[in-house]
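Letters A, B, C, D and E mark the chains in the order given here, with residues in each chain numbered from 1 onward.
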Amino acid sequence: MLAFSVFGATPVDFLTFVIAAAIVLAGAFGVVFSRNPVHSALSLVMTLFGVAVLFVEQHADFLAAVQVIVYAGAIVVLFLFVIMLLGVDREENVDVEPLGPVQRWAGLLIPLVGLFLLLFLAGVRDWATGTPSARGAASGSAAGGAPNVDLLGRSLFTGFLLPFEVTAVLLVIAVVGAVVLARRPPRAEQAEMLAEQRALDEQLAKERDAELVAEHLEGRS
Amino acid sequence: MIAQATSPLGPLVHPNVEYSNLGPILALVVGALVLLTVASLVPGRRGRGFYSILTILAAGVSLGWSAWLWHFIDQKGPRFAFANVVAVDGFAVFFFVVIAIAVVLTALLAEGYLRRERLDGPEFYVLILLSAAGGMLMAAANDLILVFLGLETLTISLFVLAGFHRRRAASGEAAMKYFVMSAFSSAFLLYGIALVYGATGTTNLAGIAQYLSRNLPTSTGVLMAGVVLLIVGFGFKVAAVPFHTWTPDVYQGAPTPTTAFMAGASKAAGFAAFLRVFFSTFGALRLDWRPIIWVLAILSLLVGAVLAVVQRDIKRMLAYSSIAHAGYILIGLQAGNERGISGALFYLLAYTFMIIGSFAIATVVGRKGDRAHSLDDYRGLAARRPLLALTFTVLLLAQAGAPFTSGFFAKFYVIAAAVEAHSYAIALIGMLVAVITAFFYLRVVIFMYSSPEGDEGEVAPRLPVPVSAGIALVATVAFTVVAGVLPGIFVDFARHATLIF
Amino acid sequence: MSLGGEWYLILAAILFTIGAFGLLVRRNILVMFMCVELMLNAVNLSFVTFARMLNDIGGQVVVFFVLVVAAAEVVVGLGIIVAIFRRRAGATADDLHILKG
Amino acid sequence: MGTLDYAWLIPALPLAGFVVLVVAGRKLGEPLAGWLATTAVGASFLTVLVMFAKVVSMPADSRHVVVTMFDWIPVGGLNVHAALLLDPLSITMALFVTGVATLIHLYSIGYMHGDERFSKFFIYLNLFVFSMLVLVLADNFLLSFLGWEGVGACSYFLISFWFTRSSAAVAGKKAFVTNRVGDFGFMIAMFLMFGAVGSLNYIGPAGVLTNAGKIPEVTATAIVLMLFVGAAGKSAQLPLYVWLPDAMEGPTPVSALIHAATMVTAGVYLLCRVSPIIAAASGTATWVIAVIGAVTALFAATIACAQDDIKKVLAYSTISQLGYMVLAVGSGAYVAAIFHMITHAFFKALLFLGAGSVIHGMHDEQDMKRMGALRLWMPITWVTFLVGWLAISGFPPLSGFWSKDEILAGAWSKNPGLWAVGLVTALLTAYYMSRQVFLVFYGEERWRHRAAETSDAHVDDHAEHAEPHESPLVMTLPLIVLAVAAFVGGVINLPLFGRTLFLEHWLEPSLAHVEAATLTSGAKIGLGALATIAGLAGLAIAYVTWYRRRPEENAGLEPLVLRRAWYVDAGLAAFVSGPGRMVANWCAYVLDKRVVDGAVNGLGTLVRNGGAQLRRLQTGYVRNYALGLAAGVVLLLAWTLVRVGL
Amino acid sequence: MNVLSVLPVLAAEGASPKFPLLTSLVAVPLVGALIVGLIPRRQESTLKTVGLLVALATGALSVVVAVQFKTGEAGFQMLSQHVWVKDLGISWKLGVDGISLWLLVLTGVLFPIALVGPAVHRDVKAYVLWMLVLEAACMGVFIALDLLLFFLFFELVLVPMYFLIAGWGYENRVYASIKFFLFTLFGSAFLLVGILALVFLTERATGKLTFDVVQLANAQAVGGATARWLFLAFALAFAVKVPLFPVHTWLPDAHTEAPTAGSVILAGVLLKLGTYGLLRFGLYLFPKAAVDLAPVLLTVGVIGITYGAIVAAMQRDLKRLVAYSSIAHLGFIVVGTFAFTTQGLSGGVLQMINHGISTGALFLLVGWIYERRHTRLIADLNGLQKPAPIFAGVFTLVMLSSLGLPALNGFVGEYLILIGTFITHRWWAVVAATGVILAAFYLLWAYQRVFHGEPSEENADFREMTWRERGVIVPLLVLIVFLGVYPKPVLDRIEPSVNRLISHVEQHSNYTQPGVAAGEGK
């Protein structure tokens, strides 16, 4: 027992939280503000780690592990793969199709307002008003010393059995989807496809021009 | 076994697993897996017609099972299953039926389309089946988590389906837009679930309702924020203004059979969850969410109708009109009474047929490349394909709410519910918007029945109607007319599709 | 003794906000996508926090599902991005806008 | 009673003629169609005579018989029969209507000779007679109204008979529309009567006239005034007289029959018919009637003094004479009104037919200034015309003298001022009629100049037989009969002895008795003498000016204001085509098209523009869409916050 | 011909209560439409013949209804009722009374005439088909005694009419047809909401969900301001259909652009839906509100009379002129309806028939003028009476009927309306009566410009009426004269129902019909 507490927590816990939160936020800002997508992806990893720390801090050990392995290990790598594959690992050219001031400021303002509204609604501290322990303890100590993994696994195979089964369907879809999307068309079709694509592009361009002209005329009339 | 024995948590109690309760869903999933297996076993490009037949078979089994379930529920009453995460009630079965029908129609439609666009393969059908399974899960879900998973199952398949036409740039764009917007809105939905979970301590719908009935929440802030975010998530799914922005682009860009499925099944599933969660679970908060739905409904009606007026692309126009349709169904929800729910259900049933039928026409008229969707492409359709034009006319008039079509009774039903709930203003606005919608439906009719402009010398390109698409069209029109003349049985169906609580 | 749940929740809300902000102001699809991941993480953090506050394992289970969904989404999403941008030679992964009106 | 049951034959015969002619008129061809029509009307006249004889044979008290044919409009309290009322008044009217009509039918056979629409003319004439008979014989107001409107329609057909002339077409329309204004009054009067009495029958237990005494005075006054509006329309009183001069565009027999003898007197007949209601009305009503009658008489007479068209003079004269009759009604001298109506029918029909004969003989020339000395060429016409002239001018012992005298006597007893106006009118009447006679039948043969003028300009087919000629026998025979009638017509109501007031006694049961200050016979004689002197004075002035001098020298007697009929027509036309048309045009093309329809189309445009504006929000950029979604979220959150409470 | 030979059998069977005579009025044209749908497109003459025979058969059935009708009975007759949608309380309930009887006959008479009268230049099959569907819908509207059924037919009428205008109309047909459709739909919006509100409010009061007109009327569950609002909602819908100022502007466009048959039916039958609706539903369901708001409706009606006439006078297009004259005439009917007297209401009902006949005939004639001269502009026409005297004569008769000349049909109705109105609403009647003057003005003026004068070169060889045309128009002329001279058989059947309606109004409001009008004075 330490002699003092900060906001009802031990200094260690508090410090852990502060540092993790800083990492999380820094990573998040990194994602948003990096010109280069690769940097964004790396910043994302940072955030994910920070979140994992916060998971641990809240007795979600298994989830923290999964967070690091699945998120940081698989998902972000997938992102990096795609970035490399497409060759878009360059800085964004902000002059092409600029955002416009409305989007920029509204994009900032609206989420901020939303945040404040949410905080107001929660009254900052009235968050969890629900009935505690409806299903079973989350932490080991409260649940009679069972490890977090046990609790989670038990819950998955009893109360959440069907959702768990449904995730299988999700993964099948992901596989099939990935195959469908990423599959290169047969060679025979490829030339034709390119020609068609070109024709399509041309037609789309033409349509766009016609639309522009029409809009122009409409605007004038 | 050992873990069980040594666990401090006591013995593992397995939930009562009765897969028969989810037969309609399983039929689809099994169908998808069989399809994948068979397709990988049959070499080359043989047996392609087989895919659609298998799909229809699976949907047929699903329908049959639904019928059995309906009977079963009728006899034994509704029940929860799978540790209370699933509600097996008339409401769910109703949506099983609607979605299965959408699958059948889409499969019929896709057959000719995929062949024409040389996109054939089992994947389209597999994804449709899995997506539909997700939709059905949403309808039956009694847990917000399952709602979310069902929704994602439905949606992620649809991303792929939207981008299925590899050679169309628009298809890719549609997929991408749908993907980004959907992910964005899913995040809101999920956050909403989180807040509701925090506020009530459970994600189980019945549990939440119980909680609400026991504790009149002292500080409803978080709960209401959660509810609002749920509205956003569902509103996105059913394309209610202002969460509709993806709809026109995606409907226009996606391959037309996908659009049909999206407009039919996906919207139905979205409404299934919407109705169940709000009518049943948050029924106690009715006074809080009804005004929001009121605004959403009116916005959807107006924006959908007004924007449809200025469209020249049929698919886009139908997209906007489907937004207006969503507005009508929201009127039913807004009424917040029994008639409102059954009205919304009847509307969805009628709407599914109408909208899939309409997109079926667009599929056929779209021709190779899925491109001929301009209003001008419909000019003189009546002269070339009188029956096709007549079919479309019936479907459009039904959408406009012409009497003796299902569309009339659909509108009538929800408006009646609104009037019964004394929401006269919204009833009136709904009817007035029908005037605007009639305008653009009629415009299409006029184009179809006017003679082609100028180019008489040029022989109009042939417009083949695949047999399967023909069957789909006949089915949709038949339903539209039968439900318009003898709405009794369908009204019964909708009325008895009651929620479990 | 850990810090009060509201700290985590407010952090989650801020993270969510940053994610939303990023999605609104970035043009690169991949980055927008990453911002969605930020938002999902924020939600996850909320769930875990609620789980702790309510002493309920359910919240953690949800996070598990969200992870799966996120994975599936990413796979398909990136598949779409690859499918589109592989064809458009020399294009950046910018926002598309052929369909509009 | 058996005889009277056949009364339906009276209107039925002309109707049968009409139907036969409609079906087979063109096959029957020129003379035959005319003879058929004439026969039908003649037979009707004979039927009336039989009925007359029958009614005369009945006791005076029961001389009103209703012959019901069928229920016409039975709804609730309103039960209108198609039924005829035979009483002295209606039989008198029927008698002179059919009588004069027969003669004019006969005359028309000659007059319309050669017209390609010969049979059609008789279709209309027969229909007219039928309508007129329904008007006078009806047993209720509504059936009278049927006839009332029917004669109006026939008048319309006949005025615009030569429809290729646009003036005729316009005149026809004007007559009908003006009459409709009057009909409006008639209708309102009927509504008032129904409201007050609950029936539209003339007599019988629930009849309006039977119960006239029970009608409140205000209502009765309103009824009378509204009926007078109707009468003013039909009988061409101020201000609704404007159609009658234009009606001269019709063939002359039409002018004679409809616009002189019969139809225009319908208004007077109606007023006489409702005399019990007039009796129940306040004095204002009779004063209005009397004053308008007197003013009309004077006003029209002044105009008649300056007209060149032979028929126009007669037309204004008709208006003036109708003014007399209305004055009589207003003065309560109903018998005098009817008396004058009958004598006027004789001499005015005579004058019109004479004028027609002149026109016919002059090959459709109507300008009196281009006539002259026709007595040498058209002796019969000349002689008969002279009779008519003297009769209308009121020289004893011709019929006009007696009837006009009665009226003036009545006016005197009402108010000497009215009498004075009547007297001046009498002077003017004698003046303009003498002017007409002198211009047409005396003086130089001015038509020769015209022949010379026109033959130079273009080859006129009239030019070769430019000589005037006397009309055939079918035309002169009616002239002679009418001349006799005009001469001796006065005998039906000679004020010499009480016994010789045949008409007055005969009509007594039909008319309200008006307690007027009875004039002594001395006063009567004095008034008669004054009137005669006035007539002589008029004649003398005309003699000095128009007989002794050439027409060109009298320009001073024809001020433009009179030639233009006090500019009433011009003013009316200016009003209708000016402000009237402007208002209507504004309604049609500004209010209706721009404002009302503009609002409707504006709504459509609003939707379309709204759509065009809204679609600009659908930019195609996902980030914009996401922004919209986020904004939606924020708005909902904000609303929730407001609802939950800050 | 074999269709016609069946008729006596039908008539005989009609005597037995089993035969669903009223249902057959709807069913026969629909079945006919189906048969037409099965005949190949190219067999135009067969199509026309079948269409005509079906229309004649329907017409004959409507006459059978009139013959079977029990004179003197006020209530609904020949009822047929079947549950349709049980859960919503909707039933297939048909019945006829004195008010609807003659509208049925009118519909039955006008349709064959409209079918054979004008020439059809393209797609005979679809044309005949739509006409028959339209006939079924029109019949349905007049006999439906279930509010929702009525509304369905009321709406259904729009569809075939829309296609007829859009498919076979003149230059500006697309605009006109859409305007027609949307305008009416706009009104219907209020109607449906009104119907539903009434039904649910009644359900709340009586506990019974029903759309049955009779039950709703007898329940009188709503009152006061609610009833007034509902009445206004109904009235607005019907005002659009009538049409009343200021929601009338669809009519001139629709009339002008519609093919001749369309105009005939539009004027003859469709406009009556509005006045019939006001009478049957406005007065019957909301007697108190109708009495309270009668001045409003009367005023609007009177405005329609004068305004329609003034605007008609200024029209350059003959068809438009007739269209505006319809507005004026329909104004009379509305005025009569809200007079609440036996005369006014009977006159209103009768005038519906009269207007149908006269204006239908006028449109037919104008259509024939167009067929000959390919213009409807008054300025292009003149002196037609010279080359075509019979045509002119027929036109004159119809015109006189239209302007209300006594002894022709138009007068009886107008007069009854005016006298009936005068008793209760004096000043409105006085203003309305000026419409009589104005009608004479614009009709005669138009006639003068078109038929009078010396014909110009292109009008000089205007074709005289053909025998076919004479055959088509003669039934209407006979009706014009017959109804003017002997309207008693018609009035005798109208009056009991009208009186019943008035006593219904009296029973549910503080209104009492003046004794004069009711005939108690005697």
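Definition applied: a residue touches a chain if its C-beta (ideal position, glycine included) is under 8 Å from a C-beta of that chain, and two chains touch if they have at least 3 such contacts.
Since the structure is predicted, the reported quantities are computational estimates derived from the model, not experimental observations.
Participant: So which chains are sitting against subunit A and subunit E at once?
Facilitator: Touches both subunit A and subunit E: B, D.
Participant: Need the central chain here, defined by C-alpha centroid distance to the all-chain C-alpha centroid.
Facilitator: Chain nearest the overall C-alpha centroid, as shown: E.
Participant: Quick check: more C-beta contact pairs in C-D or D-E?
Facilitator: It is D-E, judged by the count of C-beta pairs in contact.
Participant: I'd like the Å distance between the centres of subunit A and subunit B, where a centre is the mean of that chain's Cα atoms.
Facilitator: Distance between chain centres, rounded to whole Å: 27 Å.
Participant: So, what's the distance in Å between the C-alpha centres of subunit E and subunit B?
Facilitator: 43
Participant: From the mean C-alpha coordinate of subunit B to that of subunit D, what's the distance rounded to whole Å?
Facilitator: Centres of subunit B and subunit D (C-alpha means) sit 78 Å apart.
Participant: How many angstrom lie between the centres of subunit A and subunit C, each centre taken as the mean Cα position?
Facilitator: 2
Participant: Hey, what residues on subunit B touch two or more of the other chains?
Facilitator: 145, 149, 152, 156, 159-160, 163, 166, 169-170, 176-177, 180, 184, 197-198, 201-202, 221, 224-225, 248-249, 310, 439
Participant: Hey, what residues on subunit E touch two or more of the other chains?
Facilitator: Counting only residues that touch two or more other chains, subunit E contributes none.
Participant: Could you say which residues in subunit C touch two or more other chains, in rising order?
Facilitator: 9, 16, 19-20, 23-27, 32-33, 50, 53-54, 56, 58-59, 61, 65, 69, 72, 76, 79-81, 83, 87, 95-101
Participant: For each chain, which other chains does it touch, given as pairs?
Facilitator: In this structure, the chains touch in these pairs: A-B, A-C, A-D, B-C, B-D, B-E, C-D, D-E.
Participant: What residues of subunit B sit close enough to touch subunit D in their complex?
Facilitator: Touch residues, subunit B against subunit D: 176-177, 180-181, 184-185, 188, 220-221, 224-225, 227-229, 231-232, 235-236, 242-243, 245-246, 248-249, 288, 291-292, 303, 306-310, 436, 439.
Participant: Considering the complex alone, what residue numbers of subunit C touch subunit A?
Facilitator: Going by the criterion above, the answer is residues 1-11, 13-22, 24-28, 30-31, 33-35, 37-38, 41, 44-45, 48-61, 63-65, 67-72, 74-76, 78-83, 85-87, 92-95, 98, 101.
Participant: In the complex formed with subunit D, which residues of subunit E make contact?
Facilitator: Residues in contact with subunit D: 179, 183, 245-246, 248-250, 307, 310-311, 313-315, 341-343, 346-347, 383, 385-386, 389, 396, 400, 405-407, 411-412, 415-416, 418-419, 422-423, 426, 429-430, 433-434, 436-437, 440-441, 444-445, 447-448, 451-455, 485-488, 491-492, 495, 499, 514-522.
Participant: In the complex of these two chains, what residues of subunit C are touching subunit D?
Facilitator: On the subunit C side, the touching residues are 20, 23-27, 32, 95-101.
Participant: Along subunit D, where are the residues that touch subunit A in the complex?
Facilitator: These residues of subunit D touch subunit A: 612, 621, 623-624, 627, 630-631, 633-634, 637-638, 640-641, 644, 646.
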